[in-house]
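One chain, chain A, links the two complexes that follow: it is found with chain B in the first and with chain C in the second.
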Partner chain A sequence: MATEKMLTGCAAAAQGAKFAEVEVICSYPIRPYTAIMMELAKMVANGELDAEFVHGEGEHAQLSVVLGASAAGARAYTGSSGVGVAYAFEVYSPMSGGRYPVQMAIADRALDPPGDFGSEHTDAMSTRDQGWLMGWACSPQEVFDNTLMAYRIGEDPRVLLPQMVCQDGYFVSHIPDKVVLPDVSQVKEFLPPYNPPHPLDPRKPYSHGPQIRPDQGAPMDAQRASAFLEVPKVIKEVTEEFNRIFGRNYDPFLEKYKLDDAEIAFFIQGAHANTCRKVVDKLRSSGVKAGMCRLRWVRPWPTHEIAEALAGIKAVGTIETSTSYGGAMRGGNLIHELRATLYDLPDNERPLVTSFMAGLGGETIWPKDFMYMAEVLSNMVKENRTKKYVYWIGLEPEE
Partner chain B sequence: MKDFDYKYQTFDRIKSYRNAPREEYYVPGHRTCAGCGPALCYRLVAKAAGKDTIFVGPTGCMYVANSSYLCTPYAVPWTHAQITNGGAVASGVEAAYKVLMRKGKYDGSFPNIIVMAGDGGSVDIGLQAMSALMYRGHKVLFICYDNESYANTGIQTSPTTSYGANTTFTPPGKLIPEGKTLFPKDPPQLVIGGHPLVKYVATANVGYPTDLMNKVRKALSYESPTFMHILCPCPKGWKFDEKLTAEMGKLAVQTGLWTQYEWENGEYKFSHIPKKYKPVDEYLKHQGRFGHLKKEHIAKLQAFADAKKEWAKKAAVSPIEVVAQVPAG
Partner chain C sequence: MGSITEIIVWTRGVVMDKEGRDVMNGIAQAAILDGKFADAFDDYEDLPDRVLVPVRKYARVSDEEIEHKYIYYPEVVDISIVVEPALVKGMNVLKGLREGGLLLVNTKYPIEYIMKFIPNADVLGGIATVDAEAITGGKRVVDFSGTEGGVDAVGIGVGLSAPILGALARVSGIVKKESLARVVQNVSAMERGYNEVNFQKLNKTHHALSWSI
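And now, the complex of A and B:
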C-alpha cells in the first residue's frame, strides 16, 4: 500500500534506491549527498535491503566499483557532490562508452576554491558532455520518482546509459517534504530486473572495452550519439507509464508553468523553480504576463520541446546556477544551449534571450531577485533588444 | 549482509610442466613483442586458473598490445579497467557476484576474479585502488606483472624500475651518470605490511612456470584477497636478446636480485635459493639498460642484492611479526 512520509531529498533518493532493489552500492563521504549513503547503510545493516555496500576509497573508486558491478550484471548505485563529482571524472566516459546503466545520485554543491558547502549546479554540469543521462528534481517527491524513472530509461535495451539523478544540495537534499512511497507491486510493474546483454559471465565470455584503431573510433562515437536520439522516445514512453502506474502528472521533459500566453519567461533547472513559481503568480496578479519553463532533463537536451514551448514569447531569461567562464555569453551554461535551440525559429517567434547568474555558491534566489529579473526582461520587450547577455544578481551596479 | 554458503572452486597441484592443463585461455590474437615476459605470464596464469575466470585488465602493455578490437586473445571474460582503477573495478565485479549468487541469479561456482596489472597499475597510479581492494577483503587475486617500466608508452621509469636503469625518463647523462638513481618499491611488502585480511602473498617469475602456476592456484583457493608479484622480463625495455626471457628470470634469482617466496598467514617460505649466488653482473651484462653503468654503480646493485639475501635468511627462520592481524575465528 502506498504511504506518505516526510522525507528530505537525500532520504527520498535512498528510498528510491531501495524500491529499485539496487544490488551493489558504493559510498564515499562528502556533504551534502552523503546523507543518502547514511540512509542506505542503515537499510543494509538492518536487512531491509539485500545489497553489497562497498566503502569506496574515493569518488574515482566509487564510479569504478559500480562500473565493475554493472559489467558483471548487478544493478549498481553511487553518488557524490561538488569536488567529489570532479574527482571521479576519468570514469564517466568509460561508463557511458561501456554502456553500463549505473545510477549516480548528485546533491549539487559548488566546486573549490574556496571551500563552499553551498548548492550550485557546476559540479554535475561540468560532466554534461560525457554521455550520461542527466535530470534535475525540484522536490523530494521528484527525487524519488526520478530515481525509478532513470533506472527504467537507462536500462532500456535501446538506451543502456548511465544516469545522474540530480537535486540541489540543501534546498532539496536537506529540507523534508511530503513524499508518497508506492506499493512494492507498483514498482514491480514499472521496473523490470536489470538484464544486461553481455555481462562478464564465464559461461559466455565477452571482452569489454578493447583497444581500437583510430578508424574504429568514429563509428563507436556515432553509436553513442545515436543512442541519445532514441532516448527522448523512451523518456516519453516511460514517463507516461510512470504517470499511469503511480498516479502522477509529469511532463516528460519540461515543467511549463503559465507559459501559454506569456510575454516573458524564466528558464530554469532545479529547486529555485519553487520560488520562481510563486513570483510568476505574483507577477500575474499585477498584470505582468510571466511564465516559467523548468528543465527536467539536461541530457538529453529537449531541443524541440523547448523551441515549441518558448516560440512566440518575447523575452526569456536563463537562471544560471552553474558557471562557464569565458564561454560565448560570458556567464553560465544554459544560455548557450537555449540560444542554439531557438536559432531556427522564425524571426517573429524567436524570443530575446539573456542570462542571470544567480544561486551560485549556495545563495538563495529571493523573490526580489526574480522581480528584478522580470523587470530586466520587461525592459527588453519594451526596447525590443537584448542590452546585455549576462546579469550577476546582487552584483550589478544600480541603474 | 546475510550469511550465505558460496560455492567455491578447488584446484589440484600441478606436478610438473608436462602435467599442466592443455587448455589455453590466453590464445593467439595479440601482438606483443617476441619474447614478451608479460604475455608468457598471462598465458601461465590463465592456464592455471582455467575457464571459470574473469580477468580485469588495467591499461598497460597487456591492454594496448592485446585487446585489439575484434581480435581478443582472452577466451574467458575480460574487461578493461583504467590504469588507475583495476582494484576498484575488480571489487565491483566481486561484489556483484556475491549479491547475484545470494539472490539466486547465478548458480555456477564463484568465478576466479583476477586483476592483471602492470607495475604502474599496481603500485604507482593504481596503488590506491589495489590497497583498498586488499583492505576491504574482496575475493580477488591481484597480480602485478612486473616488467619494471611503463613499457607500452616507450619505456619510462616506474617505481619498480631498477636502480641504474636507462629509461626514457631516466637517461644517463653527464650530471646523472647512472640513469635511475632510486631503488625500487617493494610491492609484496607493501601488501603484507598493512592489510589485515590478506592471508596469502607470493612472488613468482616466468623462469619458473610450474611454481608460478601452483602459486596462482593456491592464491585462488583463498576466500580472501591475495596478491602476487610476478617478474616478467621485457626484451624491448631491458634490451636483451628475446630468446633469453626465461633465462633473465632465472638469473635474477641466481644473483639474489629477485627472491622467490610465499607469505602465508604470517609465515615466509622461500624457494629456488641457489647454493652459491652469482655476482649481479652476470644478470646485468645481458641487458642494454645497464650498459652505461660504472663499477661503483654495479657495486651499489651488488650491495642491494646482498641486503635482499640477508633479509630472506632472517625472514625464513624468524618471521617478521606483522602487527594488526585480525584475531582468528
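And now, the complex of A and C:
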C-alpha cells in the first residue's frame, strides 16, 4: 500500500534507490548529498535492501566502481555534490560512451573557491555535455519519482545511458516535505529488472572499453549522439506510464505554469521554481500576465517543446543557478541554449530573452527578487528590446 | 503567510545535537498532529557540528501552508529555546527575537539567576525554565542517524528534549500536550516538564503569542 511520509530530498532519493532495488552502491561522503548514502547504508545494514555497499576512496573511484558493476550487469547507484562531482569528471565520458545506465544522485553544491555548502547548479551543469541524461527535481517527491523514471529511461535498450538525478542542495536535500511512497507492486509494474545486452561474464567473454583507432572515434561519437535522438520519445512514453501507474501528472519535459496567455515568463530549473510559482500567482492577481516554464530535463534539452511552450510570449528571463564565465551572454548557461532554441521561431512569435544570475552560492531567491525580475521583463516588453543580457540579482546598481 | 511562529533551538554540537534536533522535530510533528503546518530544519551552516560548538535549529509553525520554505534561517524569531543552559553566557540567544517573545531555558537555576546573563531581556514577553536534567536524570541521546537530512532511527524525546517540549506546550500552547504525547518516547518526562515548568511574565506583549500558564 502507498504510504505518505515526511522526507528530505536525500531520504527520498535513498527510498527511490531502494524501491528500484539497486544492486551495487558506491559512496564517498560530501555535503549535502551525504544523507542519501547514510540512508542506504542503514537500509543495507538492516537487511531492507539487498545490495553491495562499497566505500569508494574518492569520487573518481565511486564512478569507476559503479562503471564496473554496471558492466557486469548490476543496477548501480552512486552520487555526489559540488567539488566531488568535479573530481569524478574523467569517468563521465567512459560511462556514457560505454553505455552503462548507472544513476548518480546529485545534491547541488557550489564549487570552490571558497568552500561553500550552498546549492548552486554549476557542479552538475559543468558535466552536461558528457553524454548523461540530466534533470532537476524541485521537491523530495519529484526526487523519488525521477529516481525511478531515470532508471527506466536510461536502461531502455534504445537509450542505455547514465543518468544524473539532480536536486538542489539543502533546499530540497535537507528540508523535509511530504512524499508518497508507492506500493512495491506499482514499482514492479513500472521498472523491470535491468537486462544488459553484453554483460561481462567469464563464460561468454566480451571486451569493454578497449583502446580504439582514431578513425573509430567518430562513429562511436555519432552513435552516442544518435542515442540522444531516441531519448525524447522514451522519456515521453515512460513519463506517461509513470503517471498512469503512480497517479501523477508530470509533463515529460517542462512544467508549464500559467504559460498559455502569458506575456512574460520565467525560465527556470530546480527548487526555486516553488517560490517562482507563488510569485506568478501574485503577479497574476495584480494583473501582470506572468508564467513559468520549468525544465525537468536539461539533457536531452527539450528543444521543440520549449519553442512551442514559449512561442508568442513577449519576454522570457532565465533564472541562472549556474555560471558560464565568458560565455556568449557572459552570465549563466540556460540563456545560450534558450536563445538557440527560439532562433527559428517566426519574428512575431520570438520572445525577447534575458537572464538573471540568482541563487548562486546557495543564496535564497526571495519573492521580492522574482518581482524585480518581472519588472525587468515587463520593461523589456514596454520598450520592445533586450537592454541587457545579464542581471546579477542583488548586485545591480539602482536604476 | 504572516502567521508563522518561528522558533530557534540553541544546543551544543554532537553531545546535545540530537536533543536539540528532537526539540525542533518534536514541535513540528506535534504541530502537524494538531492540524497545523510546520517545518523543522538544522542550521545548514552550523553543521557538520563539532563537539560542544553552539549549533542552532529551527521549527516553524503556521495555521496556513508555509509558502516560502527555502530559507537557511528565519530573519525574526518568536520563541528561543536553550537546551544547554551555559549558552546564555556566551551567545546572544535573543538575537532576532520579536518584541514580546519567549525564552525557554533548560536549567536548574531560578529565573532571576538566568536573567542576569540576558542583557537584552527587555525585549521579552516571558521567560520560562525547566529542569530537564533532573526530570530525566540527565539522559541525553547521542545519535547521528537523523543528521544532514537523514531519517532519525532512535525516536524523538527519549532524553532531555521530552520535558523541554512539555514545558513549551504548557507556556506557549504552540503545540498541544496530547499531540506531544503521541510524538515523544518518554511521555511521563514530557508531562513532568509540562507540570514543573517555571514561568515569569514580563512587560512586553507579543503580537500573536499568548501565555497559557
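Annotations for the structure displayed:
The criterion applied here is as follows: the second predicted complex is superposed on the first by the 399 of 399 C-alpha atoms of A that agree within 3 Å, B and C clash if a C-alpha of one lies under 4 Å from a C-alpha of the other, contacts with A are read in each partner's own complex, and residues count from 1 in each chain.
Just so it is clear, a contact is a pair of C-beta atoms (placed from the backbone, for glycine too) under 8 Å apart; a residue touches a chain by one contact, two chains touch by 3 or more.
Computed from a predicted model, the values in this text were never measured in an experiment.
With both complexes superposed, B is the one of chain B and chain C in contact with more chain A residues. In the overlay built on the shared chain, the residue A:307 is in contact with neither chain B nor chain C.
Once the two complexes are laid over each other on the shared chain, residue contacts for A:275 go to chain C alone; chain B is not touched. Using the contact criterion defined above for the overlaid structures, shared-chain residue A:9 touches chain C, although it does not reach chain B. Contacts of A:64 after superposition: chain B is touched, whereas chain C is not reached. Residue contacts after overlaying the shared chain place A:55 against chain B, while chain C stays out of touching range.
Using the contact criterion defined above for the overlaid structures, shared-chain residue A:86 touches neither chain B nor chain C, since it reaches no partner. Of the two partner chains placed by the overlay, only chain B lies in contact with A:212; chain C stays clear of it.
For the contact definition in use here, the chain B contact set and the chain C contact set of chain A share no residue.
Across the interface of their complex, chain A is touched by residues 29, 32, 39-42, 44-45, 48, 67-72, 145, 147-151, 153 of chain C. Within the complex formed with chain A, the chain B residues making contact are 1-2, 51-54, 56, 63-64, 66-70, 72, 74-82, 84-85, 87-100, 102-103, 105-106, 108, 111, 128-129, 131-132, 136. By the touch criterion given at the top, residues 6-11, 31-32, 34-35, 38-39, 42, 117-118, 170-171, 173-177, 271-272, 274-275, 278, 362, 364-367 of chain A touch chain C in their complex. Listed in rising order, the residues of chain A touching chain B in the complex are 23-24, 26, 44, 47, 50-58, 60-61, 64-74, 76, 90-91, 94, 200-203, 205-213, 216.
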